[in-house]
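Dropping the structures in below, format is structure tokens.
Consider the two complexes below, in which chain A is the common component and chain B and chain C are the respective partners.
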Partner chain A sequence: MVKISFDRDLCLGCKTCELACAAAHSRVNSIIGAIKENKISRIRIKKVSGKIKLEQCKLCQNPKCIDSCPTKSLSKEENGTVKVNYLTCTGCGLCKEACPFGAIVLGPFPTLCDRCAESDEPLCARACPTKALKVKAV
Partner chain B sequence: MQDNKQCNGCEQALNLLLKKAKDDKVETVWGRALAMQPQCGFGEMGVCCTNCSMGPCRIVKISPDGPKKGVCGATEDTMAARNLARSIAAGSAAHSDHGRDIAEALLNFVKQKRPIKDKEKLKLLAEEWGIKSCDDDTENLVAKVAKTALDEFGKPFGHLRFVERAPKKRKDIWESMNVVPRAIDREIVEVLHSTHMGCDADYRNIMNAAVRAALSDGWGGSMIGTELSDILFGTPAPHEVEANLGVLKEDSVNIVIHGHEPTLSEAMVIAVNDPEMIEMAKKQGAESINLVGMCCTGNEISMRHGIPMAGNFFQQELAIVTGAVEAMVVDVQCIMPSLSQLAKCYHTKLITTSCKAKIPGAIHIEFDEIKSIECAKKIVQEAVINFKNRTGNLLIPKEKSKGKVGYSVEAIIKTLDGVTNTFAHPSGTVKPLVDAIKSGVVRGAAAIVGCNNHRVPYDKCHVELARELIKNDVLVVTTGCGAHACIKAGLMSDDAVKLAGKGLATACGLLKIPPVLHMGSCVDISRILHLVSMVANYMDVDIKDLPIAAAAPEWMSEKALSIGTYAVASGIYVVLGVSPQVTGSENLTKYLTSDMEDIYGGRFDIEPDALKAAGKIINHIENKRKALQI
Partner chain C sequence: MQVVNIDEQNCKGCTLCSQVCKVNACTGEPLIPHFIDTKKCVNCGQCVVTCPARAAKDINCIEEVQKAVEDKNTITVVQGAPAVRVTLGEEFGMDSGSIVPGRMAAALRKLGFDRVYDTCFAADLTIMEEGHELLKRVKDGGTFPMFTSCCPAWVLYMEKNYPDLLGYLSTCKSPQQMFGAVVKSYIAKKEGINPARIYMVSVMPCTAKKYEITRPEMICDGYKNVDAVLTTRDLAELLRKKHIDISQLVEEDFDTPFGEYTGAGVIFGATGGVMEAALRTACEVLDGKPLKKLSFYDVRGISSFREAEVEAGGIKLKVAVVHGLEKIKPLLDSLRGGRLNYHFIEVMTCPEGCIGGGGQPNIPKKSVRDKVIKERMKSIYYYELGLAKRKSNDNPQIKLIYEDFLGKPLGEMSHHLLHTTYGSASTLDGKK
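Let's turn to the complex of A and B:
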């Protein structure tokens, strides 16, 4: 399981992680590709009541998103990430509402952090210029 | 917005329109600012460089193993200084290009044999510049003055003529630092050149070039803009005007003129008073045509014609939200591109007029100086025929306030002449003001200038600061959006004297002036420079010795950076409410907030809290008084 730690004090809000995430999930691995393919970043840096906040799947033990899915389209992978079955998902958005961390955005199907399963390490953490995002192997 | 308690009426009007914007589902600057959070810390600290395509480079100060230099090796000091210098140059360019347009307009007036308003000022300026004239040939003189002014932009030798207005000690400092501005365009070009990849890497030297560019704005472009505008359209004199969005009229064709250059607005004033136009408006079912000004154009035409001041930078969208504006006519600077989208949600026509500022979705009617009145009439026509398209979705706030505007340097001296003992002293000097300051009745003077910025509570910073200063017997002069904030809060009315300390109140009572003086648009900060040099020259001291200060509590534009820099380089203590994007470089920050004081006698200070800023200014003024032994 790959945990990503977030140090709020180090984050400068440059959103390089968001760009890296969208690029990583595009077919050509580039920002331009992500824009053309309408890829949504699976990590978001927001400011909520004056404080910087990270929105990203936390790999819950008992994910509420999975429980809430009426078509059982969400399932937990071995590495702890949540996978979406795009064939059965209706894009109803109940998982988005169930997530206590605001980690799910519909685009139009739920997008959830996969910890860049196909790469060596999550690209958001690799892209972070201030090391506010760090990989923690668990 | 919740803690915006500066003026109940203003706040109510604001909240009313913000609620309407929400109901109408249109976005405003506040919504967009919220959506923009968090804003990138690298940009905020000024340590992101995109000057060449090896970049973008950014310096990571926050973690020990992050890059500390750009690909080319530029340090945080170099990057922050380059970015700042480029902003200052852009600000200087904006103000100075405004000045150039006025000089060209002056030349056009001669070609068309149109009369100018202030021949007296023309003669004085010609004399100051050493231009000879025969008494009967004004036209020839106007042409010579206009050409001389235009020469200031690109002359190959010498330095700017208005530098001679500065006290001798000031000029010596500038000469020793090699920052005497030569030609306006040259200084701006030089900043762009020296901040090009692989040129200047010494932040102090970059700042020298930036200071020179800024001085070429204050003592060059802006001053040319102000002086020639006065010659062309008349030197402002005190009179009362109305302010705030309540000046819009339900039964009239409302035209908001927004932007900066008075050439367009002056033509508009003539066009809306044309009987043919008024007749046309009546045929459309309107009572008449109501022209109101916004931002600095609002300042310009209220100063010269008493046209109501509709509001400042953050109110431009709200004016359209009222649903009562037939046309918003804009020229250059501080026009939010959002207006075009917003105008489409209402019946308002957004009309752009400058080839330097087109906005997608707006109607473009290019303003031609040669056919200025015809152009203006065409614009007014567009507005008039739009009156019938008004929907019932109308909300004009009732709130409006009154205040006195029009305090040009000439007007202030004339006011001072009113209390000069003509038997003992010559008139036409700043003696009464100097006497009041020397005696301590008035402790000093402070300028509150600048824009609106979402980073600080809207208008509150201007108003609270002004209130606190006048309470402590500091005379306040304002320009730009700060002036709008003050007049809306009633600080330019006769009643405002009650808010002033005893000394200032007495002085204001004698002179019959409000404690906060409206000196014009942001270009007109050159009026303040002119006035402080007159005072300094009269007292035979340098500007840095005077008990004066300046503040830009809500600044946001590059022009404001240029203004702040020329004020500091002129020896003035400047308190900013919002930090410039330089904090990534400790050296540059120290240079701006402390080293500059050792060189120029003025420095920047950052204080977002208005009351604390007032405290700092009062403290500074008292220290200067002590040093002068008054």
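Let's turn to the complex of A and C:
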């Protein structure tokens, strides 16, 4: 399983990771693509009461989001990430409320970090200029 | 010459550099390697101190300096800029704003330099020349406002964008260049050294100084005023290479005669410093008697535009201080359109002046930078208070060099060595 560690002291708040994420999940792999396709980044850098905070799926052991889904649209993949079944998902947002890390945003379906399963390395970590985001295999 | 470049391999496209570049030279799409438009770039190095990935870099000459120091036949002379004394410590884990001129002198001597001098002396010299130039313009009704010319990035900005206004610039060379000119003439003559054997190095908080030494105006009697520039970062790198940790060194004095300086020279390192130093000397000359109040609080501070009115000898001087190039543009535009009602304007390219310079230790994080800069500024003024002499015209070595060699401010000799006219960069660009 691939986890991503976050070093608050190194983070500059430049949001390069967010852009890289949105771009990576667009069809043409570019920021323009992300804008045109209204892609939501699956990682967010926020400032909460003066502190920099990272919002990203933490790959929980027993994910609350999966428990809370009334239509059983969320399931856990082998690599630990949570997958959404777009055919049955109603976009009700109960998973978003259930997540204690604020990791889920609806757009219109839940978007969850997939650790860039399709490429060899999570692109947010690759884009970070200070290496505040680091990939950890667990 | 282009000093600052971006290494495409390392650039992550985080856009931080383009946010600090005030002349829009540094641009690019997010996530795609950025580039520098050399037509607009003024070599200020703000992108370099900001880049978190160390992709934006300035060229360095650490190896040449090392070679020169090891060469027995060259006499290596080094000068350290005012702003470096409150920042060099940071590179060695000392608190921000630690005051380290003594340790810097010790470290430079350890590196093997033959003479260790202080640019603050040349800052005092600049004040004598610039102050008298201002007084001359006041007496003879010259062109106003007069702009300072100590900041090479600012001079280049004028040449690239406002070549028609170059006449408003002071004709003084920057302290760095004045120092080189004086060492290669006065010291060479006094000690009987062939100037060709002198290798002049300066330690600067600035990347644009690396560009300044290559200008054709900065060659005097066939010799380059200054041969090499090390930024604060470069010096720290060189010291680390030689395993010298300045936090462990015992403080030493600078060499005489050019190690002597006054508080006026020291405050050159912060925004408003040149102005305050010049006012101290100019007001004293205008009044004809010693100044009572030496501190001009109106020109201090960190807001990017400050103005003040000073009365001396029955004349009202209106002055202004600007740091950051985006703030000077409206002033220059209104000057182009008609008149600008000031006598003297100090302009520094880097935010907060040289203490925030492009050659200083890297700080990408804005919130950290703000805190560190405040400490550095406090230190500069604190250090200045502790000096015995605080007016450039009180520096005994300055008096001596005028008696001995230069004659009088704005005299024939100083005109030859210490003054210049600008404009070659714009014509060079035009020819390309």
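Definition applied: the second predicted complex is superposed on the first by the 138 of 138 C-alpha atoms of A that agree within 3 Å, B and C clash if a C-alpha of one lies under 4 Å from a C-alpha of the other, contacts with A are read in each partner's own complex, and residues count from 1 in each chain.
Note that in this section a residue touches a chain if its C-beta (ideal position, glycine included) is under 8 Å from a C-beta of that chain, and two chains touch if they have at least 3 such contacts.
Fair warning: this is a prediction, and the values are worked out from it, not measured in the lab.
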* Mind checking chain B and chain C on superposed chain A, clash or fit? -> clash
* With the two structures laid over each other on chain A, which partner does A:I104 touch: chain B (first), chain C (second), both, or neither? -> neither
* Asked: Should A:K46 be classified as contacting the first partner (chain B), the second (chain C), both, or neither?
  -> first
* To do: Classify the contacts of A:C116 with the two partner chains as first (chain B alone), second (chain C alone), both, or neither.
  => neither
* Please indicate which partner A:L59 is in contact with in the superposed arrangement: first for chain B, second for chain C, both, or neither. => neither
* Would you sort A:T130 into first (chain B), second (chain C), both or neither based on which partner it touches? => both
* Considering only touches as defined above, state whether A:C14 meets chain B (first), chain C (second), both or neither. => both
* From 111-119, 183-191, 237-245 or 345-353, the chain C stretch with C-alpha clashes against chain B -> 345-353
* On chain A, what residues does chain B touch that chain C touches as well? -> 12, 14, 129-130
* Asked: Where on chain B is chain A touching in the complex?
  -> 37-45, 58, 60, 62-63, 65-67
* Could you please specify the touching residues of chain A with respect to chain B in the complex? => 10-15, 45-47, 52, 129-131
* Over in the complex, which chain C residues touch chain A? Could you list them? => 12-16, 29-31, 51-53, 55, 364-366
* **Complex contact set, residues of chain A against chain C** => 12, 14, 16, 19-20, 23, 31, 127-130
